[in-house]
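Next come the structures, one after another.
Next come two complexes built around chain A: one with chain B, the other with chain C.
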Partner chain A sequence: MPTGTPAPPVFDGVADVIAVLVLLAEFGMLRAALLPAQIRLYAGQSLLLAVLAAIAAQQRNVPDLYALAVLSAVLKVLAVPAVLRRMLRDTGTDIAGSGVLGVATRTLCALLATAFGFFATAGLPIRAAVLPRTALSLAVAAVLVAFILMIFRRDVVSQAVGFFSMENAVSLASLVIAATMPFLLEVVLLFDLLVAVVVFSALIRIHHNRRQSLSTRKLSGLRG
Partner chain B sequence: MNPRLSPVLLQVLQVGTVALAAPGLSGFIARLEARLQGRRGPRILQPYYDIVKFFRKESLAPLEASWIFLAAPFVAFVCYLTIPLLIPVLTSYGLPLGYMGDILGGGFLLALASFAVALAAAETGSPYAQLGSSRSKTFGAITEPVVLFVVFTVALLTSTDLPYALAATVRQSAGQIVRPAHLLAAAAFFLVILYETGRIPIETHSGTNEFGMIEEARSFEHSGPYLAMLRWGAAMKQFILYIIFLNVFVAPWGLASDGSLAAVILAVLALLGKAALVGVGVAVIDDSFAKLRLFKISEFVAAAFLLAVLAVFTVYLGGG
Partner chain C sequence: MSTLLVALLVVPFVAAGVCLIAPPTAGRILTAGVGVGSFGAVLALVTATRAHSVAAGFLRVDAVSTIFLLATALVYATVALYAIGYLRPEHVDRRYCRRILAGINLFAWALLAAPMVNGFTLLWVAVELTTVISALLVAIDDTDAATEAAWKYVLIASAGLGLALFGTVFYYYAGSQVLGTSYTFTFDALTMHSAGLPHTAVRLGFVLAVLGFGTKVGFFPVHTWLPDAHSEAPTPVSALLSGSLLAVSFYAILRFYQVAVATLGAAFPRQVLLAFGIASLALAALYLLDQRDIKRLLAYSSIEHMGILAVGMSFGARIAVVGVLLHVLAHAAAKGNAFMGAGVFVRAFGTKDLTAMRRGFTVLPWSAPLFLLAILALAAAPPFGIFRSEFYIVAGGLAAGHSGTVAVLVALVILAFAGLTWTTTALVFPADEAGITTASASLSSNAADGRTSDESIAKTPDRPTPRLGREFSAWLVIPPVLGLAVLVLLGMHPPASLIDLLTRGAVELGGG
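And now, the complex of A and B:
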């Protein structure tokens, strides 16, 4: 019986599947028409990441990752989505301004970005200790899809969510290549996210106060 | 007392099981769907009665239609009778004619059947039938690449393109089941099944609303025995797609590993049980989602395409 590509161990398979789900959540955010749905997807993506960190901590015996999982669950699954939802309630807008391209075209563009992410990391001589290397390709692909999300969606909330989910993808990548880095560094990265949340919420509030809308299309009037 | 069945008899049994059980599966899903909606629903055996009734009725053809219109139901039916020879329906090992065609061969036969029916619909000159056939070919232009990518994934996982080989690979280890390429390909294939069998979110299966019809509209002009063949063929197509989904991708267990009578009977029962479970899933989806608007269907098939392409990426470039 021919063997084909040999199967990875079960743990690697499960970790890869969670990484794939993180990427699919990113695609979901790119597609979601309603902003609350986008925020829900972000919360789901963060939860997947926390679960992945917890599984890695248990399987590979890296107790630091437990703390990281709990901290990121509290911050990214509960706190950040709550702040975003609160802001959406204040602005009273649920539906984002339409994107630059249709959904199918956007998906195809994101698929091309994904392919680039896979090609770019396939040749890297990285040996991952904690998570399989496939997860790194998926993380880089998710970063690129987050860029596509921020470029093609014309509203401030999508751009904020895109930025936050890019942080999720980056932390997935860091789980692969630097899972055993000092805990302090991981926490500093997380607090970076908090700074971003403060900045973005200020941006969203000011934009909405001045323009009475979340769409960034109005900003093109500022061009000289 | 456990007699062994000859491979030839087993092969006939594979075709027979598909042909005989397929209308029952459709009836089961229709009944369950109705129960979930709080209706009593038709009898499970209703599709059989319908087919018998149509065989007794006279058949009419549009004046301008040529022999293609009359030949199409037979071509489609023969295609659907041939596919069970190629896929693992009851046995886990390939039967004499099992290696006559690979998974692409099965795909070609499915496409040929669908093409014949679409051609016959175009022959009629009836606007609704033509509408259905042109729509099914339009969206088929995206679902067929999905099937191709699923086949590529199978080929990368097993280095063959035989359905028996993938089933054997899946049975090998738990690592094969949870690897993302396998799960993504299976999910993409399931979305294709929803599209190909005309289920929600693509179209309402038993609806009479012409504007939303795709698969169902194509047989509008056929009548009598020809319509019976088309209906029976459609039920067989649904069962065949379920069998490929179950016995090749998701649950290749419960198949007979030798030709003994007890194992074969057990395999038939296991297959019916597994297909009924997929039917439950499909009925639940039918009752919990709304039909997509026509131009949103491209988003649905784009999602299937995304899953299938990601499956190839993860295994070919990512090594997962």
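And now, the complex of A and C:
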């Protein structure tokens, strides 16, 4: 029998697969041409996180994570996408503004960021409490890809979705290394996300009302 | 005392709700009352917290918190009084007045909550709340420039706070290695067990927190939202943004700094702050040399002062840390005054271009000298508070053996001094019709290119209504006079109780 690295336990394998899917959803948002598709990917990514939280709750006996999974699903899978979809309906725009770079170049940049995030984190002496450590590296990679999304897409909806998905990536990281954070704090963080979504939506509406467009190309009057 | 904490958390929030529905006049009086009352409540906390901390549920205030509360409450009180004159019915409509009064109270509520909450997660939530509330206030004038500034602000600051949340998670993880997987994530819990915290997690958490919260402090290179937001926001909001919001975000960094110093030793955290501080100070000093927009000038001055705070903390000596904490108070008073003065100028001249304000002393016999004194205070001229605080910081740097860094600090502060005073002395000179015409033409041309915010001037309370030699309202003059009195008091003879508070704050921050 050949010997080598032992196969990971089923739970770790499932968790890693879900973390990879979270990262892939991020790549999907980066290349999606239609804004509704981007919002669907965000909802899917959020659902993956909720499922991961529920699995971790069952496998590691952290009951708070069940409640977190349900709340997270209600808020991020249903409420936030609903707010964004309604806003899209009101503005009558489906197509995202074109990116600063082409899809291939954007994807290449995201791959480089992913490799950097993954390998830089892999070397850190941090032990995971609930989920396998690989998920932390994937979460850091997803944060960096979210930044690429915010920087290289020139429409306000993509940039907002980029921010919300970055929050998802940070949530994944917190599931890995701080899953037992008191439930009350998790709820407060989710509430805060809700407030941020409302404000982002309000500003997107104001922008659309003034410019009749969701593009950020015209937002170049100020010098920073 | 714990009742005071609860009142500080509840009353401004309730006032915000009342202002939304009450008649504007009642809203202005209520806001002024709550603002001044909040300042009185924080003053009452000074006596208690210079000896020990005060707690009530998830609220806890120690000396460091009280100093930042004082800065916030001072700006809140002066801005609330200023709003009585700024939001007079002849200048703004009822709906705008209601919304901005509610916004000021809500923003001040979030700013007061941040230094009062006990825990890293709650602190992050409070700072994020200040972002979303103030982003709406930046956009409230509903102009192209205001919308752009608000979008840039909310996106950049929220992305930065995402990193800060990451840092917070690393700190929680660090604590869980000593305190167990589920514990109360308070400041004390981590500082008391700092010896056993894993270094890598704390180091990562600290750097992410400095970068993340530093976005809101205005540290280079993540400062780009700041000049735009400060410039495009209505004047009372600009004063709160600059005088208080930046300081509150710096307070968040200080809480991470406390744990980092206790865990890693002083060298690493101080080097991180030094790097951000010097870079920010250098950038701001250079930009100040070439600023014509009165509000952008003040915004870059804020970046300069945040850089000074970071450099001061990096010195570590107790006198330097006392200087940093005094600087927070003095900067709040001076920047509040400067923005309030700038608001009057913009309203009187219908432009933000300083070179077009040459008749300043003739047009505004009270506001012009008060504004110039605020600029001198910001430039660290004696006898104002910032002179004293910067003197402490420099003395602390020399005492700690950082003479090279002190030399760089002093050189950059002198450069900033030159930029601030050179630009604003235009106000002193008599009218030059040719110069005014040239400046106006230049501004019109820029506006056509979409490069300045003149459009906002025509549509907001800052619109031009010049009345030669007459102030718009006594309520636009009284608050800067009060702020000036505070600046002179801090510079000439700070009260003994305040010195005690600052010293205790320095001890809490590990100054020594």
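Here are a few things to note about the model shown:
Here, the second predicted complex is superposed on the first by the 215 of 224 C-alpha atoms of A that agree within 3 Å, B and C clash if a C-alpha of one lies under 4 Å from a C-alpha of the other, contacts with A are read in each partner's own complex, and residues count from 1 in each chain.
Criterion: contacts are C-beta pairs under 8 Å (C-beta built on N, C-alpha and C of every residue); 3 or more make two chains touch, one makes a residue touch a chain.
These numbers were taken from a predicted model, which means no experiment stands behind them.
Legend: residue contacts after superposition of the two complexes on their common chain; A:178 is shown touching chain C, with no touch to chain B. Of the two partner chains placed by the overlay, only chain B lies in contact with A:108; chain C stays clear of it. By the touch criterion defined above, A:16 lies against chain B but remains apart from chain C after alignment on the C-alpha atoms of chain A. In the superposition on chain A, A:27 makes contact with chain B only, while chain C stays out of contact range.
By the document's definition of touching, neither partner reaches A:42: not chain B, not chain C. On chain A, the surface touched by chain B in one complex and the surface touched by chain C in the other have no residue in common.
Chain A makes touch with chain C in their complex at residues 124-126, 129, 143, 147, 150, 156, 159-160, 163, 166-167, 170, 173-174, 177-182, 185, 188-189, 192, 195-196, 198-200, 202-203, 206-207, 210-211, 216, 219-224. Residue ranges of chain C in contact with chain A, taken from their complex: 119, 121-122, 124-125, 128-129, 132, 135-136, 139, 142, 144-145, 147-152, 154-155, 158-159, 162, 165-166, 169-170, 172-173, 176, 181-182, 184-185, 198, 200-201, 204, 224-225, 227-228, 231-232, 450-453. By the touch criterion stated above, chain A contacts chain B in their complex at residues 1-5, 7-10, 12-14, 16-17, 19-20, 23-24, 27, 31, 103-104, 107-108, 111, 114-115, 118-119, 122, 132-134, 137-138, 141. On the side of chain B, the complex with chain A involves touching residues 155-160, 165, 168-169, 172-180, 183-184, 298-299, 302-303, 306, 309-310, 313-315, 317-320.
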